[in-house]
C-alpha cells in the first residue's frame, strides 16, 4: 500500500513540473495527417477527372507524356487514371478492414478483459492462436478456393487475420483500467456494467484504439496489395496491388516500364509512412515518456547553448 | 511449469491450424477434388489410395461422417501423407515441401536474425541518444516499414538486375553452373542469388524492430535502476547494454510472434518476385495450378515452422527474463 | 440512523501460478460494528488485509464466509437491493490520482451519483453538485465543475472524492487511507474535513490507515490487523497507550515520535521548557 | 501523561538506537548558491540559491513536500539531475580527506564517473525499481568493483560482496538472487550494501524507507545509524517525514519551493522553529502518545479545512 503511495508521489514530483501545459501538435502528426488527407482526396476526387482507366489504346507502354501524365500500360491504358481508381479501391478495402478489425478487437479484447474469468481465458487463448497463425498463407488458401472474390469477402478475410494484435493490447489495457479506483468508484456509485465499459473505460482506451485502427489500416492495405499481387485480390476492383499484378504480368520490369510499377508501390509506401507518423504521435500520447524524454534533452542542450553564447 | 504451459498453448495452436486446414475446403463453395483428379488423370493413372487421400484432404470424401473423415485426415497427417502434387506430378506433396523448405528456412531465418540484430542495435543507439540527430531520423524509418515487400523487390530487380545486371533476376542458383551440394561453388552461388531477396526482407522489416526497440529504450532510460547505475559511476557502455538494452529488448522478444508473421507473409510474395525456389514460390505455383493438396500442405508446414520458431523464442525468453523463471 | 455489522468475515483468494493453485487467506473471521457518529480505525501493515475488508464492505468482492448486516437485515447483493445498499454505504479511496477518471470533468463525478440515487433531477443536479463542493470547501462554480482531475492538486482531488462519496447521502463511510498519498501539510486538513462531515451527518465511519497517530486522534476505537486477523480491538487511547499485544507494541515502538524521544526530553529539561505543541501552528501558513 | 504512557516511553527507548557520535566540525561538502532550473516551456526554478555545509560524519536531514526541490538539490550534488533539470549557477565542493578539495560541478566524463560512488554513494527509494530486475544482486554488487577497482580479481570481488551483505544483515547466500526474489526490506539492505562498497565519505539517501512498513523502516534506520557510527560517513537524508528526521538527524534543512527556508540543529528546529513553514510542517504530525487535544476532531474551523 505504502509502496504505491510513495512511488506515485515521487513520479508526481518530477513529472508535474516537466509536463508542458498546452502543446502545439507535433510535427510528425501534422506531416502524417497532411500526407493521408492528400492521398484520400486524390482517391475521392481524381477519378472524376481522369480518363477511363480500362480504355485500351494503341499507344502501349508509352512513357509519361502530356497526353498520359504517368504513361500507359502494355495495352495502352492510362496509368494515372488507373492509379486514381486504384487509390479509391485500396482505401475502401483498407477502411472496411480496419473498421471490422477494430470491432473484432474491441469485442474480444475489451469484453474479455472487463468480464474476466473463464470467458477471458477462452477469448485470450483464441486471440493468441489467431495472432500466431501466419495471416497471408491462410488468406491464400481461403482466397484460392473462392472463385467469386468480392470486396466484402476479401475484406472479411483480411479482417479476421489482422485483429488479434490490437485485441491483445486492448485486453491488457482494459485489465489495467478495470482495476483502477475510478472504475471501482463508478461501481460503488451504482453504475451499470455497460455504462462502466462505455463511459468510464472506453474513453480512456481511445488512444490505444486509434493506434490499433491506424495500424490495421496499414496492415490491411499492405495485405490486400500482397493478395492482389499474386492474383487473389478482389475480382473487378482496381487496387494498387492489382495494378502491380498486371504490371508484373505485363513485363513492365523487363520492358523498362517503371512508370507503371513505381507509382502504385510509391503510393502504398507514402500512405503507410503518413499513417505511421500519425501513430508515432499517438504513441507519444499513450506513453508521455516517449515525448518528454527526448524533448527535455533538446531543451537543456538549447538552454546550454544560449547560456554559453 | 512455465514450459509446460507454453507447450500446451502451442499444441492448441497447432491443433487449430490442422483443424482449420481440414474445414476450409469443406466449408467453402466449389469442389476442387474433381478438378484435381481430372488434372491428375491427364498425367497418368491414379491409384485408389491416392484418390482417397486427396478426397480426405480436400473434403470430397463422402464415405463416413465428418468425424470419421477428420480421424482419417489426422491419421494421414501423422503418416506424413499430404497427397500428390498436381504441379510436380507425380511427386508426393511431402517431397515437394521437403525440397523447397530448406531454401525458405535459410533465407527467412538468416534475414530475420540479421534484421533483428541490426534493428535492436540501431534502436538501442537511437534510444540512448534520445533527442539527438540520430534519434530524429526515427520517424523516417517508419516509411521503410510501410514499403510493400514485393514492390521493393520489384524496384531492386528493375534497378540492380535488369538495368545494371549486378544480380540475377530470378532463381535460387545458377542451374547451368552448379548442382545442389554442400560445397563452396554451390553455397557461394546460392548466396549470390539470395542476396537481393534477403536485402528486401531485411530492409522492409527493419523499421518495426528499430522503432519498437527505440521506444522501449526511451522508456527504460527513465527507470530508477538506470539512475542507480549512473550514480554508481558505471561506464556508459555498461549502462546502455546491461542496464538499459537488456531490459528494453524483452518486449521485442516477447512480441516476436507478431513480427515473424509479417516477415513470413512478406517473404512469400518476395519469393514470387524472384522466383526463388522456396515455400512461398511453390505456394504461388500451387495457386496458379489449382494444386490444392500442395497448397494446404504448404499452409500446414508454414504454420508449423512459425509455431516452432515462436516456441523457441518463448523458451529463450524464459532464459533471458529471470522473472518468468521464478513463476515456474 | 444506520449500523453496519460484520460478523466472522473471511476472504480467501485462490491464486494460480501455472497449473498450481494456492490459497491466500486475506481476511479471517473479522467482526466489528460501525455505528452512527462513531469512527472505527483499522490499523495494519501492507498486506494485512485491511484493504480487502474495504472491498468486502463495498461489495467489490464477495466474502468467502461471514455475514454483513445493515441495521440487522442481511445486505442486498444484486439489483434493487444492491442499489439500496450503495445508497447507504460509500467509500473514499486512497489514491485521489487514480480514483477520479482522467477523462471526465469534476462535474461528471458529482452529477452521476446524484442522478443515480435520485438525489436530484437533471435540472437540479448542477445546483446540488455545487452544494457538495461548498461542503468540502472547494470553489462551487461552473468553471470548477468543468475542470479535469489533472488540473487539481492532490488535496483538492481528495475533496472531490469525498464530495462524490457524500452525493448519495450515505450513512456509512469507508475511508481507505484517505490521506496517505497527500502532501503532509494538507493531510490534517482533509482529516478534519472528514471529521466535520461525520459529525454533521452522524456518519458511521471506518478509517483504514497504517498511521497510528491519526488513528488515535481521529477515531473512537482501534482495531489492529495482522495477516488477515484482528489481533487487538479496543478504545483508541487504550490500544495506543496500553497495548495488550506484542505486535501492537512493536508497531508503536517503530513509529517515529520525537515527543517521547530521550534526546528531546533531555533537551526540554536542559532548556527548562515543556515539550512543544506543534499542532497549534497548523494554520500558520495559507 | 498517564502511567501507561510512561510505560510506552521506556518501551520505545529500548528499541531506539542511541543517538550517534557527535559530528566533527570539519566539512566534507560545501554547497554555495546552487541554482537549478527545469528547462520546460516556462522554465521553473527548482532550486534557488541553496547553500549548506555538511560536516564529516553528520546526518543532515532534507525535509520538504513534493515539488519542494529536495530531490533535485540532492541529485545536483552528484550531477545526477536529469533533463530538463539544468544547473545554472553556484558551486559544490567536496573536501576529500586525503586528496583535498574537488570542484564537483566541474567534473565530467571519466573523472565524474570515478568520483561518483567512490566519494558520494546513493541509496534510492527501496522499491523494486532501484535494482536492475534482469541481472542478479551479485552482478550489480560486483560491477561497482569491476568499474572502480579494476585490479581486484573475481575471488576478491566475490569475497568483498559477500562481506558487504553480511555487514548489512543479509545472508551472503542470497547473492545470486534477483530483485524480485527479495522483500522490500532486503532490497533496501542490498542497496545500502552496494552504497558501502567503496567506503564513501558521503551518502545521499533519497526516501530510503518510505516504501517500507513501519517496523522494517525502523530496522533499516537503525542499520543506517549503526553503520554510520562504525564507518563514519556523512549522510544527506531526504524525506517528507519530519518526525523521523528529528529522531535521526544532527541538523535539518527545510525546503519549500526550491528554497532552504530553515537550516538548524534538530533540537533548535523542534523547540524553536523560526520559519512559519517549518512550524506548519511540524504541526502536520499529531503526536502518537501526547495528550489528545481537541485540535483534530473538534477544532475544525473552515480555515483549517482548506
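Note that the chains take the letters A, B, C and D in the order they are written out, and that residue 1 is the start of every chain.
Just so we're on the same page, a contact is a pair of C-beta atoms (placed from the backbone, for glycine too) under 8 Å apart; a residue touches a chain by one contact, two chains touch by 3 or more.
Note that the coordinates shown come from a computational prediction; the quantities given were computed from them, not determined experimentally.
*Asks:* Given the two chain pairs C-D and A-D, which is bridged by the higher number of C-beta pairs in contact?
*Replies:* C-D
*Asks:* With centres defined from CA atoms, tell me which chain sits nearest the overall protein centre.
*Replies:* Located nearest the centre of all protein C-alpha atoms is chain A.
*Asks:* Give, as an integer number of Å, the spacing between the C-alpha centres of chain D and chain C.
*Replies:* Once rounded, the distance between the two centres reads 31 Å.
*Asks:* Quick one: report the Å distance separating chain A from chain D, using the average Cα coordinate of each chain.
*Replies:* Spacing between the chain centres: roughly 49 Å.
*Asks:* Report, in whole Å, the distance between the mean C-alpha point of chain A and the mean C-alpha point of chain C.
*Replies:* Comparing mean C-alpha positions, chain C is 46 Å from chain A.
*Asks:* Quick one: chain A and chain B, Cα centre-to-centre, how many Å?
*Replies:* Chain A and chain B have C-alpha centres separated by 22 Å.
*Asks:* Touching two or more other chains, which residues of chain B qualify?
*Replies:* If we look for residues of chain B contacting two or more partner chains, we find 131.
*Asks:* Where in chain A do residues touch two or more of the other chains?
*Replies:* 2-3, 5, 9, 12, 293, 296-297 - these are the residues of chain A that touch more than one other chain.
*Asks:* Which residues of chain D are in contact with two or more other chains?
*Replies:* Within chain D, residues 66, 82-83, 125, 127, 129, 213 contact more than one other chain.
*Asks:* Going by the contact rule set out above, which residues of chain B touch chain A in the complex?
*Replies:* For this pair, the touching residues of chain B are 9, 12-13, 16-17, 20-21, 24-25, 28-30, 32, 130-132, 135, 139, 142-143, 145-152, 154-155, 157-158, 162-163, 215, 218-219, 221-222, 257-258, 261, 264-266, 268-269, 272-273, 283-284, 287-288, 290, 292, 295-296, 298-299, 302-303, 306-307, 310.
*Asks:* List the residues on chain C that touch chain A in their complex, please.
*Replies:* Residue list for chain C touching chain A: 46, 51, 58, 60, 82-83, 86-87, 90-91, 93-95, 97-104, 112-113, 116-117, 154, 161, 164, 167-168, 177, 180-181, 210.
*Asks:* For the complex, which residues does chain A have touching chain C?
*Replies:* Result: residues 1-5, 8-9, 12, 180-182, 184-191, 200, 203-204 of chain A touch chain C.
*Asks:* Where on chain D is chain C touching in the complex?
*Replies:* 2, 4-5, 7-9, 11-16, 19, 65-66, 213-215, 217-218, 240-244, 246-247, 266-267, 270-271, 273, 276-277, 279-290, 292-293, 295-297, 299-300, 302-306
*Asks:* Tell me, which parts of chain D touch chain B in their complex?
*Replies:* Residues 78, 80, 82-83, 112-118, 121-122, 124-125, 127, 129-136, 139, 143-144, 147-148, 178, 180-181, 191, 194 of chain D touch chain B in their complex.
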